[in-house]
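Here the chain labels run A, B, C and D in written order, and each chain numbers its own residues starting at 1.
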């Protein structure tokens, strides 16, 4: 399931929902991304996140489908926030449950890495009264390519 | 921080505690292991977990220390339950927060993989009135060696 | 928008620097994403950056596209900087 | 336990099959983990499995040990099957 939303989310509740995916589930891996004080700039006080409505959901569903073809995925959940976020706010959540831990870790990390380079979100860093559109990192492209 | 306990744990609360590790934290990766209906045997109805008190805590602290030397680890948490567990119960939790997602994923997965082959826990599968000590898996040894 | 036109959308830094969220353009036979990009870049000023040093990504009907991807009447084409979510 | 003895502990399947949680044994000079294992295996019956086909892991003073690890008076030695937690 995929949600693009301005509201915050509750990782505990998301985890409990993933966990309740049947008695064959042995592993739940989750990732949460938070607004950090240093990105392209230091002294970041907030972010603004823009996305391409419609396309974003399709891309994310495609990533879950790809992960489900490569690994045992019992349930997968992606939440991404958009709009204005403050320091330490939650930005993104990816949770995967599987029979086995290797599959849960791999699918969760794959979805996060692929999201970074293929889902149409754009981040603007805010530092006091300056704004700066974040540049895509070569390291993110490398991580994403490593899954091919 | 490490806990070996018979009581259940609350992943949501553990996540919130990890997340509150400062404004440099950009990534939280968690893993939870659950009692699954098929392990060495099928139709598993529960587990019994034994450990070596004292040694377990030392080994787990050593794994957190190793992870902290290899990756940016802001905070790490390991919880492992012992005693009698039922189907779908939570067995283990590993959570790591870091500045970067690659470090959070790697440290979390490393700790779980190394725990599987070096922390003195033993699992007995219960299926109705039969009991069976679980055998160590070659695949677990392989995963653990891959981090060397 | 009529069926003979196509919609072009811009996001993030491009949207801001072009001061344009979307355009409706007539289609020309044999048009491609790359051709459309050249046509828009030829407007000059901030539009020139569509063929400048900074990479521009494209989508047609909300799926990632290449310069050679054909563009048909009724399509939704989008141009945007490399994505930076997560 | 006196300082001249060592404590040997057993866990999991070994604990059950040997029907023994712990032993106190006198130490012999130059004793190693491997030597101790041979000595115990020589008791025969279920003890023979300590040198059987199934691998046995060892710890000395709660740290993983090898057959060559020396065993001193006062040490806590443990034998157990390969671990299966997580």
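Heads up, the rule we're going with is that a residue touches a chain if its C-beta (ideal position, glycine included) is under 8 Å from a C-beta of that chain, and two chains touch if they have at least 3 such contacts.
What you see is a predicted model, and the numbers here were worked out from it, not measured in a lab.
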{"item": "Chains contacting each of chain B and chain D, listed by label", "value": "none"}
{"item": "Path length in the contact graph (chain B to chain C, fewest steps)", "value": "2"}
{"item": "Superposition of chain A upon chain B: rotation angle, C-alpha, nearest 5 degrees", "value": "180"}
{"item": "Centre-to-centre distance between chain B and chain A (centres being mean Cα positions), rounded to whole Å", "value": "23"}
{"item": "Chain centre separation (chain A, chain C; CA means) in Å", "value": "26"}
{"item": "Whole-Å gap between the CA centroids of chain C and chain D", "value": "72"}
{"item": "CA centroid of chain A to CA centroid of chain D, Å", "value": "48"}
{"item": "Contacts with two or more other chains, residues of chain D listed in rising order", "value": "86"}
{"item": "Per-residue multi-chain contacts in chain A, two or more chains", "value": "33, 101, 112"}
{"item": "Pairwise chain contacts, counting only pairs that touch as defined", "value": "A-B, A-C, B-D"}
{"item": "Complex interface listing, chain D residues touching chain B", "value": "9, 11-13, 15-16, 59, 62-64, 78, 80-86"}
{"item": "Residues of chain A that touch chain C when the two form their complex", "value": "33, 49-52, 54-55, 58-59, 80, 91-92, 112, 115-124, 133-136"}
{"item": "Sites on chain B touched by chain A in the complex", "value": "10-13, 15-16, 19, 23-38, 87-88, 90, 99, 101-102, 104-105, 108-109, 112, 139, 143"}
